[in-house]
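One chain, subunit A, appears in both complexes that follow, with subunit B as partner in the first and subunit C in the second.
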Partner chain A sequence: AAPLQVRLVVPMTVVFGPGSVPRDLSRPLPFRDMQEMEISVNLRTSVTSRYEMRYRSTTAQEEAALSAATAREADAALHPLQDTTMGSLTMYVVPETSSLLPQGINVYVGKQRSALVRAVGSLAALQARLREVTQLMSFTAGSIAAALSDRVPSAQLGPDARRNLKSSLGYEITFSLLNPDPKSHTVDWDIEGAVNRYVKPVLDKLSLVANFSVDSQILYYAVLGVTPRYDKESSSFLLSAHSLPHVINPVEARLGSSAASLYPVLNFLLYVPERSHSPLYIQDKDGAPVSTNAFHSPRWGGIMVYNVEAPASPQASLPLHVDVDMARVMEVFLAQLRLLFGLSREGVPPEFLLESPGNEGLADWELDHLLWAHTVENIATVSTTLTSLAQLLDKIGNIVIKDDVASEVYRAVASVQSAVTKLSLGHLHAAFQASKEAVTSSERAFFDPSLLHLLYFPDDQKFAIYIPLFLPMAVPILLSLAKIVRETRLHRKEPTKMD
Partner chain B sequence: DQAEQFLRSGHTNNWAVLVCTSRFWFNYRHVANTLSVYRSVKRLGIPDSHIVLMLADDMACNPRNPKPATVFSHKNMELNVYGDDVEVDYRSYEVTVENFLRVLTGRIPPSTPRSKRLLSDDRSNILIYMTGHGGNGFLKFQDSEEITNVELADAFEQMWQKRRYNELLFIIDTCQGASMYERFYSPNIMALASSQVGEDSLSHQPDLGIGVHLMDRYTFYVLEFLEEIHPASQTNMNDLFQVCPKSLCVSTPGHRTDLFQRDPQNVLITDFFGSVRKVEITTEALSLDREVAAVESKFPDEELATEPLKYAEQLPVAQIIHQKPKQKDWHPPGGFILGLWALIIMVFFKTYGIKHMKHVF
Partner chain C sequence: GRMAAAVLLLLQLLLAAGPAPGRADAGQERRDALREELLLSPLPTGDVAATFQFRTRWDADLQRGAVSHYRLFPKALGRLVAALGVRELHLALTQGFWRTRYWGQPPLQAPAGAELWVWFQPTVTDVDKAWKELSNILSGIFCASLNFIDSTNTVIPTASFKPLGLANGTDHHLLRYAVLPREVVCTENLTPWKKLLPCGSKAGLAVLLKAERLFHSSYHSQAVHIRPICRDASCLAMSWELRQTLTVVFDFFSSGQGKKDWSLFKMFSRTLTDTCPLASQSKVYVDISPKNKEKELLEVSPPPTSVHEAVVQGEKKTYAVYDLLSPSLFNTSRSLNVQLKWKRPQDSSEMPIPTLHAQRYVAGYGLQTGQICTLIYNTHPYRAFPVILLETVPWYLRLYVHTLTIITKGKENKPSYIHYQPAQDRRRPHLLEMLIQLPANSVTKITIQFERALLKWTEYPPDPNHGFYVGSSVLSALVPSVTAMKDTDVEQSPLFTSLFPSSDGSSYFVRLYTEPLLVNLPTPDFSMPYNVICLTCTVVAVCYGSFYNLLTRTFHVEEPSRGGLAKRLANIIRKFRGVPPL
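Showing the complex of A and B:
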């Protein structure tokens, strides 16, 4: 793979509230500092992260905001006073004994790009805690390695790698309602309303990352591939965790996809079990029913089982009318969407309190997290693509490069250089846009249909074709040439002889 | 256990490219081969949207077929592999070397529909099955062109450069099939062939009712083997290598695993022939505020100002039919032709004497 050296710069501001300055602070506020860390992926790929920190003390307005009752109110009040460019972070340090953060909580991470951190005695300990927070809110060595997963030797990859969706210019989201038993259930789902109310805010926030298109469908008589087991104790049907991988395939054959778009498709299926198999619960490895009653498959989508309550009287007329509670369904589907993109809140230390993003679906720093990973992934992809294109052209001499392919290559090179420069200046949004343009241009150049090399001419085939053509014709010509040469030599000798 | 198994194979989706390179009635068995593999692969879970099937498709409706609309894979007409839900992506004259290489490398014209593309990514395991007439280092496509083993190896390298596959299984059932995988040099490729260089692959059994051989031996025994595989089975590749020993197949099947990173012992048949998904339980759910009204999108779709629609200009067909053929521009002959003719003329006049010149001019 092509060598890659990228520097990721995170501009940070650390604001010390009154009474929170560490005792061993050597320099007076405000001052600037810088920390560099190398994330080496393999011999030829290195990503350096640089945190440019500006330490200062609070202004009067910020002090007023920090005297709010709860961390959430303080964070909301501090928001208009911050620098909110993408990729930047602001940390407010509150005194150790402050009651702003609840008991046992040392860090409160807000919905935007700021956090409240409880002070620690020494500067070194505080910096360690700040480093933990910044890594959570921007990127870690693991998330960068996951973005560059095709450069990491596969033995070193963790289970997280290659699980998240690859960076793409767009994604197609399809919501499908599966009703295997229309005789018993008439299912009504207000999918359009649910998309407008719950899904659109999330996709609007993600629209910086990619274009999203949403469609929906209803499939009748679509069954799962597995027969669930009846459990007498809970008088319900159970799907065990190890039978889940086989559920998706028979259904997938029935799911369509848009013929015109080439973007990856994310399928979200809502399955209403048959009357004879209700209620249906999904069991995890330990045998306990899953609270969301849903599971997902990396890079594919998710399935949720929606149980319909048994009718009050056994003589109720079939089919039962079911009105799906779209809010509950969308809570699960949007959570699955987050997990497919790799935004998980598991693995956060217990002393961290993360503010819920609400209806927006993801916090600003989670969006930044995605952008860091996608920008690095895009830059790596572009450099690999252009290098392999150059190698292809070196190897095969008779490929003709059209002008528009050449201009796409130039544009890709210019864009990727601009992306790397902007990353090293800390402009995340501009770097991401440049990397997207670079990917578009390089893919267009690499996959141009005119580059198909069909004319493989090994040397023995060249001889086999041209010799039978030219040899019979060449024999009299060569013999005549020999005769001419002999005659000329004789002719030259003769005059001297005659004299 | 289960977690370990998921960590072993790194793929998240499966694709299959099944190519039958022959046409004409007497090559019935090649179409039956390909369709049988297609059936197995569908049965084990790969959906049509992930299968690229290239067939000449001239068997089922061939005037010489005594049972129209069927293609049988076993004598006594036990199994009709044509059925009623075969989805052929490239049929008849579209099965060319160029289209095959375009599918593999992805260099497809933008107007191609989704069903004709191989939209694999770096987590895709791809099965490529090819059958037809072949020789030492080449495979004949539809009696008019051929693909060489070097071209195939280069195409796979192009796929690897763009990470269009995680692992690739290449199966070929032709005469001297092992020569086709000799030149592979990209990582993560496993190859199987029905015969070694210098050997012919033989067909299995003729059917006296239909009048042609129905299948090739190697594919027949591979299919018998696959019939016992179900989506949850744990059979591995070493068993597939043992299929069709010389006593049954007459030719010696070969395989190549040196480019493959994992040990064939650990590679499940369903890693390539089926589609077993990795699955995770969803443990988190968001909490949404249900009272929110439908929000106006922050980025409203811009109304595109379009002209009112009208009929496109019809082609002036009468004009086109009656117009005179366009004069091709005349180009002076190139250097090589000029030199050759100069040489010939010079030799002629030197040999037979310059006296002929005055008759010419």
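Showing the complex of A and C:
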């Protein structure tokens, strides 16, 4: 891959509340400091992250806000006092004995771009804690490596790295209800209400990252590709974890490709098993039933199995009417959506308390997290695309580059340069916009149909055409060569005879 | 493990979000409905035509609303209609040719190959771009070569194709029409078509759609029609209708040992076992109309649920109806295998001739000029009626419009309306639309001469000696009916009568397609360039070889040792003669 050097700058403010300033502070407040971190991806790709920290003490207003009863109230009161540009972070250090944070909790991460951190004795310990919080709220070496997964040797990547969706200008989300047995079940789902209630707020927030379109469909007689195993003990059917990869393929054929757009599709399937196969449970690798009865497929979407309670009396008339509990279903689908965007809140240390983002489903700092990763990924994609275009031109010299293709390439280069500069200045949003433009231009240049014209006239065909010329012409040359060889041999023999 | 943690977290935030979703529409009636229907009609020649129709009606506005939720209506088509501003879409893929003269008027006819005509919404600004995009997407959905539709085979008819559904205005600039006569229809086109059905091919009438039988037939035509319709009689709101139709003609007379008896199993090698649970109506109609006012010659078994009488295409018809949704039908036997037997052999000499039928052929000889002849027959004993003829001719046949002659009963017949758009080389085809009055009991002959153009060598298709297709011409007419028809409610009447709107009781709408033409164009010898290369190269190589030899060889005089054969012979003769040898 092409060499790539990116510097990510995170502007952050550390505010010390009264009685929380570490004893071994070397300089008087306020002062500026800087921390650099190298994220190693591969030999030719280097990502440096730099935290530009500004240490200061609280203002009177902030002091008043920090004296609130709970962390949530304090966070809400502090919000109007902060720098709210994207990518910037504000940390409030509260005294070790503060009652704002509950017992055993050392860090509280709010809904926006700020956190409350409990003071520790020394500056070094505090900085270590701060680093942990900033990485959670901006990016970690892991999230950057996942964004650059094309360049990382596959052995180094964790299983989670390949789960995240590739950065794209838009996504299509399709909810499908699979009813393989419409004779026994009439399934109704209020998908319209559920989308408006649960999905829309999240997508409104995510609209900064990409365009989203949502639709839904009901597919009848769509069956999974695997026949579940009957378990006598629980009198239920089981799908084991190792058979799950085979489940999707036959369903996929029915889902209907998104013919009208080029964006990647996220599929969320709700499967109501046939009467003869219900109840159906998914087992994990250890054989225990999965509590959500759902699983996801990396970069594709998720499937949830929704069991219908058996009727009280066996002679109840068919079909059974089923109303899907959309809150339960959407909970799972939204969790899967977060997973696919790499926004899972797993792996957070227990001493951290994360404020739930509420109806929006996404905190501001999580959005930043996504933007950091996508910007880096976009820059890497553009560099790869332009490099392969250049390599193609090196290889096949007679491809004609039209003016409009050339101007797209120039535009892509300019945009990607501006994205890199803006990242190193800490302007996350501007950098992301520039990287998006760069992707659009570079793809347009790379996939321009005019580049294809000459690709299919290989050189060996020219040889085939000229063989009738070359072959008869080669005959006298070869014959005379043979003659020369013969004569030189004779010459060599003759002198020995003369001697 | 980690999934549960994430879900737990979301559970918290969702519980905070508000009360559980309301069940506002639980008791609401369905906004979409599916009707399916199979019409079996014995044809005069002994063949049997089977026409499937699946109609999905959706009481929703596809044009508005960013989020759309599909149930019975297929998402792929719905998105297409919404995204490209389609008002009406008619796509037909056909293999074979419906022989109107022998088989009678078809319920739905389509030209051989692929036919696509689309009305766009008035809001669409760039119709050509939308048309191009639409044909590309459709070619992906139906695995057909519709992506070959471009400006050279697209026309804008002014009179022949009116919207079949609701339409405010009929500005024909929103219409596009194209035919690809070369298109071959096969299983790969049927599979995606079946996938659009809500029940797939798993239940209901669609179980009969077995590809190996359907393509073992003399005629196969599958179509998709999307159009907006009135939601109710007051027509204040709009609904969308998707009709998927499939017509097959099975040739039993020649393949079935001269017997005309047939059954569902013989035709499709399947029988009907259950209904599609999503269909609100599922019926099989069998045409048992008595021919020639005689007593009923045929017998159907099992006994039909009911008998339906209607006037279809000007004729009084009787249909045996099997309602698959009626509980009595599957009570007696587990499956339904409709059988038809002729009581006594029927003399096939007197075949009814349809009121309107047509024929087209290419006349002339040589590879320079030719003539397209179209014969239109009106066999109505006393009524004359007008017909609109639409001809689309590719640009490489250069029509001479001044040679256009229309002759009926030996006299010239002047068309009351002519719309002619000349072709432009490599840009657009010829379009000729005429309104011609057909006198009663007459044959009208329309001829026009053309010159064959020379193509560039890259423009020839593979196998150019096969010839070039010219699409079918289209005849649209309101044919006077022999029997008066009653106005019926469209929602109640069978599907096969309700695609074309009927104007009044005295006439019915017919659209006919003539045969596609196969025209030979002057075709160059494609091996010629290679031959020339070979020949010139050989000449060059021989010249080069002798020059090379001349330049590189050294020449020296060689003493003759004994001389050649001629010399020896001469010396022998000289010896005899006593002359000194040479």
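Basically, the second predicted complex is superposed on the first by the 453 of 499 C-alpha atoms of A that agree within 3 Å, B and C clash if a C-alpha of one lies under 4 Å from a C-alpha of the other, contacts with A are read in each partner's own complex, and residues count from 1 in each chain.
As a convention for this text, a contact is a pair of C-beta atoms (placed from the backbone, for glycine too) under 8 Å apart; a residue touches a chain by one contact, two chains touch by 3 or more.
Just so we're clear, the structure is a prediction, and the values are computed from it rather than from any experiment.
> Based on the shared subunit A superposition, would you classify subunit B and subunit C as clashing or fitting together?
Subunit B and subunit C clash in the superposed model.
> Mind working out whether A:121 is in touch with subunit B, subunit C, both or neither, as first, second, both or neither?
neither
> For the three-chain arrangement built by superposition, which of subunit B and subunit C touches the greater number of subunit A residues?
After superposing on chain A, more of subunit A is contacted by B.
> Identify the partner contact of A:392: answer first if only subunit B is touched, second if only subunit C is, both if each is, neither if none is.
So A:392 only meets subunit B here.
> For A:472, select first, second, both or neither according to whether it touches subunit B, subunit C, the two together, or no partner.
Once the two structures are laid over each other on A, A:472 reaches subunit C alone.
> Counting only touches as set out at the top, which of subunit B and subunit C does A:214 meet: first, second, both, neither?
In the superposition, A:214 contacts subunit C only.
> Of the partners subunit B and subunit C, which touch A:344 in the superposed model: first, second, both, neither?
both
> Applying the document's definition of touch, where does A:197 land relative to subunit B and subunit C: first, second, both, or neither?
Both partners, subunit B and subunit C.
> Who does A:170 touch here: subunit B (first), subunit C (second), both, or neither?
In the superposed model, A:170 contacts neither subunit B nor subunit C.
> Touch check for A:102: first (subunit B), second (subunit C), both, or neither?
neither
> Using the superposition on chain A described above, determine whether A:3 touches subunit B (first), subunit C (second), both, or neither.
Neither partner.
> Let me check the overlay on chain A: which residues of subunit A are in contact with subunit B and also with subunit C?
On subunit A, the residues that contact subunit B in one structure and subunit C in the other are 193, 197-198, 253, 257-261, 290-292, 294, 296, 327, 330-332, 334-335, 338-339, 344-346, 356-359, 361, 476-477, 480.
> Hey, which residues of subunit B end up touching subunit A in the complex?
2, 6-7, 10, 12-13, 42, 45-49, 97-98, 101-102, 105-109, 113-115, 117, 119, 121-123, 148, 150-151, 154, 158, 161-163, 231-232, 261, 274-290, 292-295, 297-299, 343-344, 347, 350-351
> For subunit A, which residues count as touching subunit C in their complex?
So the residues of subunit A touching subunit C come out as 174, 182-183, 188, 190-195, 197-198, 213-218, 220-221, 253-254, 256-261, 290-292, 294, 296, 319, 323, 325-327, 330-332, 334-335, 338-339, 344-347, 356-359, 361, 465-466, 468-469, 471-473, 475-477, 480.
> What residues of subunit A sit close enough to touch subunit B in their complex?
My answer: residues 149-150, 154, 157, 159, 162-163, 166, 193, 196-198, 200-201, 204, 207, 225, 241-242, 244-250, 252-253, 257-262, 264, 282, 284-285, 290-292, 294-300, 302, 304, 327, 330-332, 334-336, 338-339, 344-346, 356-359, 361, 384-385, 388, 391-392, 446-449, 451-454, 456, 458, 476-477, 480-481, 483-484, 487.
> For subunit C, which residues are in contact with subunit A within the complex?
2-7, 9-14, 16-18, 20-26, 66-72, 74-76, 79-80, 83-84, 137, 140-141, 195, 198-200, 202-203, 274, 277-278, 530, 533-534, 537-538, 540-542, 544-545, 548-549, 552
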